Structure formats: structure tokens, C-alpha cells
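Below, each structure is written out as C-alpha cells.
Paired with chain B in one complex and with chain C in the other, chain A is shared by the two complexes that follow.
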Partner chain A sequence: MRRVLAFLLLAGLPAPAFADVGAVIDRHILPAYEGFAAAAESLAAEAEKTCAPEALRPPFNAAWDAWMQAAHLHLGPSEEKGRALAILFWPDPKGLGAKAQRALLTGDAAALEPEAFAEQSVAARGLAGLERLIYPSVLPEEADSCPLIRATTRDLARMAEELVAGWEGPEGFAQNLLTAGEPGNARYLAQSEAVQALFTQLMAGVEFQADQRLGRPLGTKDRPRPERAEARASERSARNLILALKALREMAVTLDGTAARSAAAFDRAIEAAEALEDPTFAGVASPEERPKIEELQKLVRQIRRTALDEMPPTLGVTAGFNSQDGD
Partner chain B sequence: MKPIRLLSALFACSSLTAPALAAEPAAVVETYADIAEAVYADSLSTAQSLREAVGALTASPSAETLAAARTAWLASRVPYQQSEAYRFGNPIVDDWEGKVNAWPLDEGLIDYVDASYGESEENPLYTLNVIAHPQFSIAGTEIDAAEITPELIGETLHEADGIEANVASGYHAVEFLLWGQDLNGVEAGAGDRPWTDYAQGEACTNGNCDRRAAYLTAATDLLVSDLEYIVAQWAEDGEARKAVTADPQAGLTAMLTGMGSLSYGEQAGERMKLGLMLHDPEEEHDCFSDNTHNSHYYDGLGIRNVYLGSYARVDGSVLSGPSLSELVAAADPAVDAQLKTELDASVEKLAALKAKADSGEMAYDQMLAPGAAEGEALIMGAVDALVTQTASIERAMNVLGLTKVEFEGSDSLDNPNAVFQ
Partner chain C sequence: MTTRRGFLVGLASLGAAPRLGWADVGAPAWLTAGMKPDGAYVLHGLSAGGVSRFEIPLPARGHAAAAHPIRPEAVAFARRPGVFALVLDCFTGEVLSRLTPPEGRQFNGHGAFSADGRLLMTSEVVAEGSAGRIGLWDAESWRRIGEWDSGGIGPHDLKRLADGRIVVANGGIQTDPTDRTMLNLESMKPNLALLSAEGEILDLMELDEELHQNSIRHLALIDEDAGVAFAMQWQGDAADPAPLLGLWRPGEAPLLCEAAPEDLFAMKGYAGSVAAQGERIAISSPRGGAVMIFDRSGAPLATHRRADVCGLAALEEGFVASDGSGGLWRISAEAMEPIARHEVAWDNHLISAAA
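And then the complex of A and B:
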């Protein structure tokens, strides 16, 4: 391909858009969902054996690690039936998750049966919900949380399996992207639309890291909000950011192998995040530490600017609308 | 607005059977600015009627004057919701709109609430109840609220302590003061505030009726003055008008960015799908008044208005001019035809949802209930249609060679100039 491109450039012809949708699916998306399905299955299996928090924390963390490989993909099966929302419902500024879980802890056990549980509020389910059950949280300690823990882990495993099934196979969503522009594909009317869909996920994913994972705890200089960091109880705030940035970097270089400046921008941000050694971003409220976290946010925003500058000419598309465009 | 607009409206009517004339970008953004001016002027005039009705309610509280104020509020939402397609593409509108349409709100900031309202982990002002407290502190600062003024509401209370849920001004604050909390959960029924909440003297219910009336009056005054501001931005020499007409390509980008961002992230996502997935009637956009079905419908209509360059005003007249649709059709007729079909489809789906709620068979609250299959189908039908049209809005941008405006989330809050960079 590189040689063809060079030839076209030499011949003075316009360079073709080059983006590897197939590679993103095979090397990034499908392995991410398969990894999450395996981790969610192990978590559910462990929860069948015991509800002891100490025993559940390792597989819980492994499952959350695995989800960070796919959390930025807001297209296809993850957008159906509220799956992505349920798997990780964050931020939750109104505390809807804890409120709904309180009702489930004390209410009719029938709501915990798999089919009924799948119908419950997305805020009450998933990783953030499970974190409140196996780490210290606002939920009442006296209630027997084991049935809810098991319902939550089973539900996670079910959704993870549905994601894999929804992407793979002859009817899977991957085919939608791969057959973009072919007759009968009503979703993607040209190959460029599939490329744009993926590039949009990438850009929205980076934006989420800067605005939410970092922006929420940063608050303002006068009013830092360390309590708003994600996953403080399990001390995963910085870990989630680092894993997400690494996953997004992988997606970027798989989509466009020539995006060297974007890759370098990712590397600078990842390096800064790893150097922080502040698992919950508690430093946002400290005069010495805060500038480092502000700088990290700038580096993450810089990734987006760099990628928006560098990648569209190669890909032949720019970012489209994403699910976070609202306020 | 210039008289020439009326002329072009006549042409538009008479040219139905003529072949589509190639619209010029400059004329298309002119129509866009004219519709903005008209839709905000209609929002203002209906808000002024609301202000009069609020005056009547506070002067002589009764079941009738409360009902009349509620009717005026509902009427004021019809044009305003159609203006929302202007939000996301225009920084002037986006920076302003939080004053008038912020949502969802922690209403306990403003007035008394039911015990079921509970507590908030994130908002220390969750149950501040300004109406009951002439003095209080916000983040360590003592506040004198003896007199409730538009300034107190707009500058001190709104988004107090940097928390977005502290909505003290705008349509939804007024809505809460007219209807009260909707305590029916996922059952039918809106808020049921008694008119005696505004009765003075012995008949006053729930205390502090004088301060409640003062809050309602000040909040409605503030709504009117905020709308005056935005109308001026779109008038002949207004900044928002200039921003889209000075560079027509930037204006076209604003049009399509506004359509796409409202369709997908905001309307389909944040307002409709999220509420359904949470099964939480608090997530209804107009939750106190149970007007959410209308609010969704007129948002959808507003998106189509922008594309077709046509707006039916509250007085029944139609304002129209050279449209984005004509421009896209000249570049790629298939993209235009598909987008028009899809915009019609989303308006139709939203109309079906509205018809169901209006019929009294099923309130929007009930559509959100866990396991409410029919309600879920109605809501998801509209969500899917809105998501579908977003792809064609992207196609329209592509055929016109435009790129979506990048507002960088909180950058616009931290650094107002960032959005122009």
C-alpha cells in the first residue's frame, strides 16, 4: 500500500484515503470485547463461589481493566439496550446508582432475577454498582448484599457475551463496517463513513478523558473536586485514565499507521499520567500537585488537537457527531 | 428583519412546482438568522405573556390564575424548544442557554420538597430552600436573600458553588414554582402545587408565600430579560447574526453542527435514551409539568426548520427563505432527499409519542417505567430516527465540504475564548 501511495504521489495524482477498518476490528475491537467477556465470566464465576469482598476484588479489577479496552466504543451493540451505559455508569452526579441499589437491597428479590435485573436502571448495574458493593460506600452495611452482587456480576457477564455476539458472525456489526458502501448496507453508505465512525469514537474517547476523568476532579482552581474522581473507592481513577489512553492510542495507530505525531502526543500524556503516582487524583486540591494534573489535562487535549490536524488528511474524513455532543 | 424576507417567502410558496433554484450560501445563512430572530422573538413575546399571567397569579391567587399561568408557561415552551437547534453551533447561544433552559435541577435549592427527595452526595445546597431562608451561606460566604431579585437568582444562586444542578433561573425554575414536584413516579400525573402556595395571610400553604411569589416574579422577570438579550443578538446588527452571515461557510457549519449535536448527543442520548435507561421520571425534560412529550416534539421540529429554512410562527404566519436543503440538493440530490425523508420520519415518531401522551392513555412518565414495552418502543422509535438522521447530517456536511465545529467541552467554561480558536 505504501508503495502504491508513493507511486500516486510521484504521478501527481491525489493521494487515496487510507484507513484500515479491518485491522481496527480484528486487532482492536474484537479482542477488547472478547477479553472483557472472559474477565466478566471469571468475575461471575468467582461471585458464585463467594461474596467476600477480598476474594472478588481481583477479578473485579481485572474486569474493569478489560472494559477499559472497549469503553470508548460507542457504536453498534454497545449502544443497544443501554449496554455501555450499564457496564460503566459514570459520572453519576445525582447519586442515582446508589439510590437504585438501596431499593434493590431492600426490595423484592424477584428484581434480581436475570431477566428482571436487565430491566433495572443502568445506574444500579455494572462495574460502578459492583464497586459500591465490594468497597466501602454509601450503601448500608447491614443489608445482605450477596444476592445483588451475584445479580450484578451475572448481568455483566451476560452483556459482555451479547457484545461479542453482536459484533461477530455473519450478521455481526463488524460486517456493517466492513461492507460499508456495498449494496444493502443502509448504515454506512460509503467506506469513508465507516472510517469516520471509527475516527469519531477515537476523538470522543480522548475528549472524555480530558473533560470527565480529569475535568471532574479538577473542577476549578478555587473549587477543586477530588470527591468527583471516578472509582475512588477502588483507587482506579488514574489507572482507568492510563488504560483508556493506551487503548485509544492502539486504536489510533491501527486505524492510521502513519499517525506518528498523534502517537507521540499519546505517549507524552501516558508518560505524564504514569509519573503522577496519585491513584485517585487527590492532588487536585493540593497547590503543589494540582499543576501536574492540569498539565496532564492539557496534554490529553493536545492529543485531540494533534490527531484532528494529522489524521483527517490521511483518512479522508474528519470527526463526526458523537454521543457526548450534548451538554 | 428586513422586508425583503417576506418577498422571498412569497417566492418560496410560488416556486413549489418550479425546478429548485440553486440557493446561495449567503442567502441560506440569512434565512437561518431570520428564523433565529423570529423564534427568539416568539419566545420573548410568549414569556411576556407568562409574566403577565404570573403577575395576575401573585396579585390575586386562585385556582384559575394558577391554571392560567401554567397555560402561559406551556405556550412559551412551543417556540423556545424550536430554538434549541441553534444551541450547539453558535457559541453565543450555547454560552447563554444555561440561564434559561438548564436542566435537570435540584429543586430543593429553591423551595420545599417532599421527604422522598432524599439527599445528595455532591450538592451541599440540595435542600437549601431559598424561599424559606432569607439568610444562608454558600461555600462559606454569607448570603443576604431578604429580598429575592433577578440579580440574586442570576448571579448568586444560579449554578451556586459551581454545581450545574443548582438551577435557580429559567423555564424549569418557573415550571417548578408553578407545578411543584411530580410525586407520581412512573405513574400518570404532573406536579400538583396548590394555588394556596401563593395565598397571602392565613390561607398560605407550605409557608413563605410572600417569598415564593417574589421568587416566581423575579425568575420570570429574569427569563424575559435573558430572552431580550438573545433576540438582540440575532437582530440586524446582532453579534450572533454577524457570526453566521459574515462568513457563510461558517454559518452553514453552525447550522449543521447544531442540527447534528441536538439530534444525537443531546436529544436522542441525554434526554431520551438516558431517561429511559434510568427509568427515572426525574430525567424527564419538563418533569414538573409533564410536558416532556411536547418539549421533545418541538425540538425535533426545530431541527427540521433549520434544514428546510421555514418556521411557523406563533401568530400562524410562516417565515421561509432560501434553504440549506436547496444547497445540499444542488451538491447531491440523493443526500438531500434522504435527509428530508429522515427528518420527516423523526418528526413523525416524535409526533406519535406526543399523540400518545396527549391522548391521556400513557403519560411520558409511564413510558419510562421498567418493562413498559409500548412506551419503550415509542421512545426508542424516536431515538433511532434521530440517530439515523445524524448520519445524513454528516453526509450533508461532507457534500458541502464542511467540518463540524469543535467546541471543546469544558474549555468553553474555563476559557470563553477557546471556542473561537
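And then the complex of A and C:
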């Protein structure tokens, strides 16, 4: 597949001077989905062997690591059938996931059959759901969780495969981006729209880190909300942030190799996140630690400002005529 | 345009220029504002096939427009907080009048004509405090002739029902008079107000307390006199999304339309336009890059993706949508397909022109 894409590029498929859509697909998007598919497959295979939490945690963490390479891509196959949401349903302020899982743990086993499970609530499936099954959580301990663990891991592997299949091949979503503006492309009516679509993913991804991954536990000064941090049970809150920032950085510099200021802004935020040594952002409630997390949030917001200043002129895109206006 | 101007001059010289109608400007189906690649702002009249029938320069970014029901004249409203609206002759492109709200009032985005075309009603706020007003303008002389209470804070869209009554979307948000800073998110209380043709408040519909942060902003008339569809913008927790579409028949409780679970976050809590056609209602979100279609029972039928999509209007079958990349799309519950693409970033709304 990658060779095919490389060939298309060599064959002189026109691309804006500095925006490398082909490289983003070839070096960022497809490897991310392929990596997640492999990790999800390993996780499902392990779950077939055992439902022991200790055995499942390493492949579970590897799968979540792999998903962080692709979690920011909300376009094409990941938006169909709610796949991205089903793979990682967070935030979940009303606890919809745990509620739906409780019903599945005690209900008719037929709901766990692959086809039926695929139709279950997006909140009940995916990585956040699996975390509740293999780490201490609000779910009842007495129930036999093994069938639900297996259903969840099989479902993840299935969605991961669908994502790869949805992007690759002659009918794959990658072709929509690569043939933007060509006759017959009913998705992207101009080449600039493909670049715009990728740039939008980048900016929304950075915003999500600041507003959600950091913003939710930060809450307000008067009311910090450490309990709202993502993936506290598996202590992945900070790890997810760091991996997401690194993936977004890779996407940015692949899309625009000249975006040095944006890359530097990413580096400052990643460095600060790595220096934090607070895996669940518990420090939001501590007077000594909180300023460091607030500072980190500022650094992440600064990435977006820098990138919005630096990249659009090179890429020939805008911040969004209506989406940034609002009325 | 040159030939049309020549034609007009010719008519004028005959001494008895007949009144022109929308057919004389190419019978556009919709009016929409936009921005050209060089940054110039314009108002376009578009045919149902997506062809531009005319382009008129605007001095600043437009928001919505109101089309005169008979004469080919459009009132183009500036973005909030609006200090002017322009009455445009869509035949010549001339500015016929510049409407300026009275001291202490600001236009707030939309306007509507009475059925006979003699009265223009504009959504306005008292600059300090955002109390809603409906400004009244004589549509011949373009003089200010009065105002009504809109029934709430921060009115945005308004629509005239077939029987002459008016529905106003009072968004509930108090804004800073100099910019769009929102001042009352904790206490906001949007409503739909039903006004008589004389401006008397007949009914107020408020959402349940838990939805008080759901700003009601845009309206569409549902066919067969079945009330209005209203589109909302959620100011509460983004992680706890609220319905963005409601259907309301005056005197009855509203029906709120929930997104399908897998699409709960697709709109990013924001609906920018709404249109109704037959049994279907569509809402758009430029922030989420998505259009959702519901049926009149409130069930979600489809979600289509398109970056920066916002303008929506009804077609004979299905809907047309416009976006910030210049695209015009035909949308149904089954499909979304391109009609045309212009080198114009289309602004928030497609306004139906001509009766």
C-alpha cells in the first residue's frame, strides 16, 4: 500500500508547495492504524488465553499506546459507525460506560456475540471499558467479567481492522485525500481542502489535550477535579497526554516540514509533561503542584497559537471561516 | 451586469419603469453572504442549481440577509454586535438605504419581512444588558417606526408564521456591547417567544432547567404549518452534550431531538443553521463539520461530514448546504453530493429568496 502511495506521489500527483498530504498518510496515518491493529490483535489473542488482569495489562497498555498514535484523527473511517468514540469513550461525566457495562455483565450473554456487541453503546466498549474490567473500578467484582473482556478485546480488534481497511486500497479513504479536487472526488472539491482537513485535525487534537486531558482534572482553582483525570486506574493520564503530543508533533512536521516554531512549541510542552512525574495529574489539588500543571496547559495552548500563526500561510489553509466565527 | 444596467437605464428613459421582481435578477433561490479569496465581502444570489445570479459587494462581513417578499431587494445584516444593515437593490447592486439602529440598540443578526413586504422586523438588543427588541422599519421609506419587546435576552433569529405571528429565538446570552464576550452563562435562560403580528407576546417556551445553558438561536418553519424547528448552541459541559434541535408548535411542549449515541459529539455542541423540508429537519455544525438529519418524530436519520459547513436551506427534495470552502451540497438522509464550488467562502446562512 505504501509503495502504491509513494508511486502516486512520484507520478506527479500535484500537491501544494509545502503541504505534504501524501507523507502524512504514508508516514503518519497508515502506520498509526496498522500499529493499533497489530496491538489490538495481540490483546485479543491474549484475552482468548486468559482473563487474568495481570496478564492482560501489558497488551492492554500497548494497545492504548498504539491508539494514541491515531486518536486525534477524526476523519473518514474513524468517524463512521462511531468507531473512534467506541475505541476510546472519554470523557464520560455521567458514567454511561460503567452503567452500560453493568447491564452487560449481568444480562443476556447473546449481547456479547460479536455482531450484537458491535451494536452496544459506544460508551460500554473500547479501552476505557476494558480498563474498568482489568483494573479496580466501580464495576461489581463478583460478576464473571471474562466473557465481557473477550467481547471487548475482539470488538477492538475488529474496529482496528476496519480502520485499516477503510483507509487503504483503491477505494480507501486515503484516496479521497490524495485525489482532492480531481473529477469524481465528491469528498474534497479542491486540493487545499485535503490539507485543510488534516490541519483541522491537528488543531482540534491540540485543543483536546489542553481543554480535556488537562482541563478536566484542573477544573477551577477553587474546585480542582483530580477524579476527572483520564485513565486514573491504569495511571495513564500523563502518558496519554505525552503520547498524543508526540503524535501530533509528528503529524505537524510531516505536513509542513518548515514549521520549526510549532515543532519547538511542541517540544516545550512535551518536555514539561515529561518532567511532571505525576501520572494521574493528582497534583491539580495540591498548592505546590497545581501551578506546574497549569503551566503545562499554557504550553499546550501555546502550541495551537504558534501553529495557527505559522502554518496556515505555508499550507494555504485558514482557521475555518464559519467554525471560528460562531453566531 | 452592464447589460442589465443598460436595460434599466432604457426602462427609466421610457418614464414608466415597472417595478422589478426577483425574476428580473435571475430568480435566485437563496441569498448568502461570503468572502472572496482577496478578502472582499460579498452578497450572492444563488440559483437552486448552485449558479451565482448576482454578486454585490459588502463593506464588511455579512451574517444573514432578509429578502423582500416582492421586490428584488435584500437587507444584509452585519455580524453581531451590528451597527448597520444595508438595503440592497439586487438588480443594480446599489445600496438603497443604510439602516442604523437607534442610540443604545444593536442589530443582532437576523430580520424578517411582513407578508405584504411593508414592514421589516429586525432582531436587536439594548446594548447594555442585551434585553431583546424587535426593531420595526417601514420597508418603503426605510424609516424606523417603532420597536417591540422580544420577550427575552439576546434574540437572534426570527421567523414569520403563515398567519402573520412571529417566533423569536431569544438566545438568552447577555453579551458585552463592544464584543461578543458572554456575560451570563451561569444564569442564562433562553426562550422561544410567540408574538402577534402587532408585537404582543402570546406565548413563551422555556427549556427545562437542566438545559438553561442551551442557547436557542436559529429557526426554520416546518411545512404544513407545523410550527418551528429551533437549533441550539450548548454552553454547558462539552463532555455532557445536550440536544441541539427542537421542534415546537405554539401551545405545546417542545420535542427535543437527541443525536444518535455514536454521533453525540459530532456537532461539538453547536448548531449553526437549521432547515426543514417535508418530514425532515436538518441542522449544521461548522465546528463539528457535520450536518445531521432528523425526522419529525425527533429520530436521527443521518450524519454527513463536511468541514466548515453551515448554510442550510430546503430543496424540493432534501436540502442544500454551503460551506466555508465555497462548496454547495445536495443533502438527503441517504447521501451528500456536491452541486458546485465557488471561490467564495460562504457565510453562516442561506436565506430563501422570493416567495
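Note that the second predicted complex is superposed on the first by the 301 of 327 C-alpha atoms of A that agree within 3 Å, B and C clash if a C-alpha of one lies under 4 Å from a C-alpha of the other, contacts with A are read in each partner's own complex, and residues count from 1 in each chain.
The working rule: contacts are C-beta pairs under 8 Å (C-beta built on N, C-alpha and C of every residue); 3 or more make two chains touch, one makes a residue touch a chain.
Remember, predicted model here, so these are calculated numbers, not experimental data.
A.B. asks: Touching A:L75 in the superposition: chain B (first), chain C (second), both, neither?
C.D. replies: Only chain C is touched by A:L75; chain B is not.
A.B. asks: Please work out whether A:E207 is in contact with chain B alone, chain C alone, both, or neither, and reply first, second, both or neither.
C.D. replies: first
A.B. asks: After lining up the shared chain so the two structures overlap, which partner does A:K49 touch, if you call chain B first and chain C second: first, second, both or neither?
C.D. replies: Touch status of A:K49: no partner.
A.B. asks: On the superposed three-chain arrangement, identify whether chain B or chain C touches more chain A residues.
C.D. replies: In the superposed model, B touches more residues of chain A.
A.B. asks: Is A:P93 contacted by the first partner chain B, the second partner chain C, both or neither?
C.D. replies: Once the two structures are laid over each other on A, A:P93 reaches both partners.
A.B. asks: So in the superposed three-chain picture, is A:E119 touching just chain B, just chain C, both, or none of them (first/second/both/neither)?
C.D. replies: The first partner, chain B, only.
A.B. asks: Looking at the overlay, what does A:L308 touch: chain B (first), chain C (second), both, or neither?
C.D. replies: A:L308: touches chain B, not chain C.
A.B. asks: What is the shared patch of chain A, the residues that chain B and chain C both contact?
C.D. replies: Shared contact residues on chain A (touching chain B in one complex, chain C in the other): 82, 85-86, 93-94, 121-123, 189, 192-193, 196, 211, 318, 320-323, 325-327.
A.B. asks: Help me check something: in the complex, which residues belonging to chain A touch chain C?
C.D. replies: The touching residues are 75, 79, 81-82, 85-86, 91-94, 121-123, 186, 189-190, 192-193, 196-197, 200, 211-212, 216, 318, 320-323, 325-327.
A.B. asks: For chain A, which residues count as touching chain B in their complex?
C.D. replies: Interface residues on the chain A side: 82, 85-86, 93-96, 98-99, 116, 119-123, 138, 187, 189, 192-193, 196, 207, 210-211, 215, 219-220, 223, 227-228, 301, 304, 308, 317-327.
A.B. asks: In the complex of these two chains, what residues of chain B are touching chain A?
C.D. replies: Its residues touching chain A are 88, 98, 104, 106, 118, 120-123, 139, 161-162, 164-165, 260-267, 269-271, 273-274, 276-280, 282, 370-371, 390-391, 393-395, 398, 403-404, 406, 408-411, 414.
A.B. asks: Taking the touch rule as given, give the residues of chain C at its contact with chain A in the complex, in rising order.
C.D. replies: Answer in residue numbers: 35, 63, 79-80, 109, 156, 180, 217, 233, 237-240, 260-266, 270, 272, 286-287, 289, 305, 307-310, 323-327, 336-338, 341, 345-348.
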